[in-house]
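The first chain written gets the first letter, and so on, giving A, B, C and D; residue counts start at 1 in each chain.
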Amino acid sequence: MTASVDYVLGLADDALVSAQRMSWWISRAPELEEDLALANIGLDQLGQARTLLSYAGVVEGAGRTEDDLAYLRDDRDYRNVWLVERPQTDFGVTMARLLVLSTYQCELYAALASCGDPTLSAIAGKAVKEVAYHRDHARLWTLRLGDGTELSHTRMQAALDAEWPFVEELFEPVDGALVDPSSLRPAVLAGISSVVAEATLELPTVAPVVGGGRRGLHTEHLGHLLADMQHLHRSHPGATW
Amino acid sequence: MVTGTAFEELLAEDGRVEPRDPMPEGYRRTLVRQIAQHAHSEIIGMQPEGNWISRAPSLRRKAILMAKVQDEAGHGLYLYAAAETLGVDRSDLIDQLHTGRQKYSSIFNYPTLTWADVGAIGWLVDGAAIVNQVPLCRCSYGPYARAMVRVCKEESFHQRQGFEILHTLSHGTPAQHAMAQDAVDRYWWPSLMMFGPPDDDSPNSAQSMAWGIKRFSNDDLRQRFVDMTVPQSEALGLTLPDPEIRWNEERGHYDFGTIDFSELQQVIAGNGPCNRDRIDHRVGAHEDGAWVRDAATAYEAKRADRVGAA
Amino acid sequence: MVTGTAFEELLAEDGRVEPRDPMPEGYRRTLVRQIAQHAHSEIIGMQPEGNWISRAPSLRRKAILMAKVQDEAGHGLYLYAAAETLGVDRSDLIDQLHTGRQKYSSIFNYPTLTWADVGAIGWLVDGAAIVNQVPLCRCSYGPYARAMVRVCKEESFHQRQGFEILHTLSHGTPAQHAMAQDAVDRYWWPSLMMFGPPDDDSPNSAQSMAWGIKRFSNDDLRQRFVDMTVPQSEALGLTLPDPEIRWNEERGHYDFGTIDFSELQQVIAGNGPCNRDRIDHRVGAHEDGAWVRDAATAYEAKRADRVGAA
Amino acid sequence: MTASVDYVLGLADDALVSAQRMSWWISRAPELEEDLALANIGLDQLGQARTLLSYAGVVEGAGRTEDDLAYLRDDRDYRNVWLVERPQTDFGVTMARLLVLSTYQCELYAALASCGDPTLSAIAGKAVKEVAYHRDHARLWTLRLGDGTELSHTRMQAALDAEWPFVEELFEPVDGALVDPSSLRPAVLAGISSVVAEATLELPTVAPVVGGGRRGLHTEHLGHLLADMQHLHRSHPGATW
């Protein structure tokens, strides 16, 4: 049993776009140790993206490489969720987002590790260890920021509130899903809730936005991200790097 | 009280000075300044290469570049830790960087204009750094020497990656070849200047040599770098922008042209292409992160309280 | 005191109500709300198209787009001025926009994902706006009617530009054609929703008709738009995403499918793709500009003082 | 007598890059009237860039159009000064920069209007009227901000200080110049000085940066500007828009 191209691209693009946003922090983190940690997380995500994109190319069978898929698709062909594509220049927002994403990816990759597609299952088995580290890191910072100073508490709550509308899109039905996204919802929300409570924060109650990333419907932010990311590659068609 | 004699005996035996050993104040101050400047250079050096992470032309190159810039952060950490063994605080050193009281390597005040610059920095700038740093692995101060062993190993890895980037470009499309040549044209002379002023204009070198901090003169190291780099440039198929480079059979070294240090003086004076951007970037990140560092401190204090109360 | 009679006579004669004429409070309030919402829509509408100014694919298109977005700012200015004739302040209206107490057209809560969206907004969104607005040129309130004359003239120019963008794309490369079709697919239904809920679900329409603010029902205007647009889509070589569209000889109109207003309800409720971005962008610009507005006020006061003192 | 391609590109790129930065303000200005004014200025600059680029293409004689020159050159081939290429998201900085640029362009275009190249002379004759309006606008805001509130005075002084290192590059020698840049210096500095003094501000004394835009040596900011600007055009080679 083989996953659909679009399903694999959804997994790959979540990782790739996250890595692209995460790498913004390198040289801009609050302390040097965090430059290292965020670079590490970004590298893990990029690594996941690369294997997943290569596999999507294999499933598609049209000879497209990881670079073809990363650099030569337009935003309408990207399949990532909105959670990962918006700019994040506030450390609290980055950690709130990473908490959501990594908790989701932990459950997802754990489930995929025993799915019917052996390649995907192998990729997921490796990735689940990486995202568990990401989740630990996000949890630690959620605690520090939520239960730190009055200012950090306020900012971390605002960050959670800002990211919350983008949570539900993770659980929307996807064509050809090997793991039903809605089946992950209880464990993901429970995982987030417990750390949020321990961090003396409130679970937000804001309504979800409409979303649509899995169908190629994005925010206006993705196009600018891709412009920067793809410009050099597209400027030299056919070149080797 | 520093017993000059014990310290001098140690140096004479080529032994390692360790943090709790007696040492002259001038030795300590010189080391702090040099190690801090070295650490700052790693941190500021993250920026020119970081500028291309978002635009790296393949995912493989993107991953390699991210890992490299991450290594630089790691080098900064080792080096600040080495400086701290001399009784200073990392936060003070960073403050001195931000307020311009301590320097970083001027090479990082040049911009990375094209992807090939990432290759040129790896090949030439890391190459020059290695030539400078390998002797420091035998520096008289133990913690610094040990940090340099680790740094040098990674730097030589980075240098090979830079060489490989340029090799691919040089043998790629005409536009890629031109990009590589252009980067080498721009980075060659600034790389030579990384070794500092000529020996007859380098007032502090003698003392550093006597103290076993410096092992070779600026001009010796520069010559070693030229000798190492010229054959590599031939392997790359790229030209170094100095018509006077030629093998001198008699000296057993490559001759090269006269360096125009006046530009370097401008850059050191703060008017280089990127001085202001580099410091603004660093200070901005530090200020933006203050609330995060404060939160971590407050959280640890609360946790310690809770543990104490339990 | 408002003399209902004089006002009603004026309306009966199809005359224009002017700012100093007596008018019922409900009429005034309805107009303020409608004109403000219209002005806000122009201002918020600058954002989705503004999103493509930096990336416009030719310099000619960039210039046209900049001029168009500039026109929208101009429309906002006329309309705020028209609202101010009813005794309100622009700054209060803007505050009500920023705090969500007044609305803007929900169509601007959809993102512009590709360059073709700029064309689709011009053709469909401006097209629908024109159908809505042409009757307002005969609105009973003079200042609003006059503002609309000017607005409509420019809007029809914008609509032709949008049509032309799509025409070029539709007849360009396969990728360009697909981009145009995709934009029309996404903007068609939201454009139909710009005319508001169906007549039997539009409680305030009757009063607005009686007051001469509204001249035609929502469904009538929507039909007019469909009748105008279907032949244009054929000229463009693009398909409208509604298999039920067909000419109805008997009615003398195009039939079309049932509109799913549930999505519109979500967007109106604040959960559309861009609601938050649009308001954050606006509020951010307003807050960032506060020091500038304060400076201008302080400078004018000083100047007035100096003139007074002289 | 015909200007050199590089000289015309220098003029064109100053205008184009300024227009690109200026257009950022549209929908972000401090008040609606200013959205209109800055759009107007950006449109004037873009118009100048278009005629100048077209003319550069004619002088070059290789059949390159305004779009070829705008969209298909890399940053190393751009000839604009550093003054215009850095991001500006502070209104004070925008006005300080516009004051410098427009005062310079007023003198430059006035001189070019009677230069030996008839095409360039005609372009300059039209442009000089536009940049005179830009200068009036920048002067007015310099007065308002400099002599407004205490806060605006401080911010406007900081803005002038920030832009000042980039002034001298305007007067550096350029190969094939039809008007010697250094000949413009006294009038430009006098024009700026007088409005700065009237605005109760101090003329900065900070040293110039090294510059090099006329030789294609830029800051790191230009590459990102071009990535965003050129991405769509380069993604569809040969397409018509």
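The rule is simple: contacts are C-beta pairs under 8 Å (C-beta built on N, C-alpha and C of every residue); 3 or more make two chains touch, one makes a residue touch a chain.
What you see is a predicted model, and the numbers here were worked out from it, not measured in a lab.
Undergrad: Taking contacts as defined above, which has more of them, B-D or C-D?
TA: C-D
Undergrad: Taking each chain's centre as the mean of its Cα atoms, which chain lies farthest from chain C?
TA: Comparing chain centres, B lies farthest from chain C.
Undergrad: Once you find the CA centre of chain A and the CA centre of chain B, what distance in Å lies between them?
TA: Their C-alpha centroids are separated by 34 Å.
Undergrad: Please work out the Cα centroid separation of chain A and chain D, and write it as a whole number of Å.
TA: 40
Undergrad: What residues in chain D touch two or more of the other chains?
TA: Answer for chain D, listing residues that touch two or more other chains: 74, 227-228, 231-232.
Undergrad: Show the residues in chain C shared as contacts by 2 or more other chains, in ascending order.
TA: 55
Undergrad: Judged by the touch rule stated earlier, which pairs of chains are there in contact?
TA: By the stated definition, chains touch in these pairs: A-B, A-C, A-D, B-D, C-D.
Undergrad: Given the complex with chain A, which residues does chain C contribute to the contact?
TA: Result: residues 48, 51, 55, 111-114, 182, 186, 263, 266-267, 269-277 of chain C touch chain A.
Undergrad: Once bound in the complex, which stretches of chain C touch chain D?
TA: So the residues of chain C touching chain D come out as 43, 46-47, 50, 53-63, 66-67, 69-70, 73-74, 76-77, 80, 115, 165, 168-169, 172-173, 175-176, 281, 284-285, 288-299, 302.
Undergrad: Of all residues in chain D, which touch chain A in the complex?
TA: Spelled out, the residues of chain D in touch with chain A are 74, 224, 226-228, 230-232, 234-235, 237.
Undergrad: Show me the residue ranges of chain A that touch chain C in the complex, using the header's touch definition.
TA: 74-76, 165, 207-210, 212, 217-220, 223, 227
Undergrad: Please name which positions on chain A make contact with chain B in the complex.
TA: Going by the criterion above, the answer is residues 16, 20, 23-24, 26-36, 39-40, 42-43, 46-47, 49-50, 53, 66-67, 70-71, 91-92, 143-145, 147-149, 151-152, 155, 228-229, 231-233, 236, 238-241.
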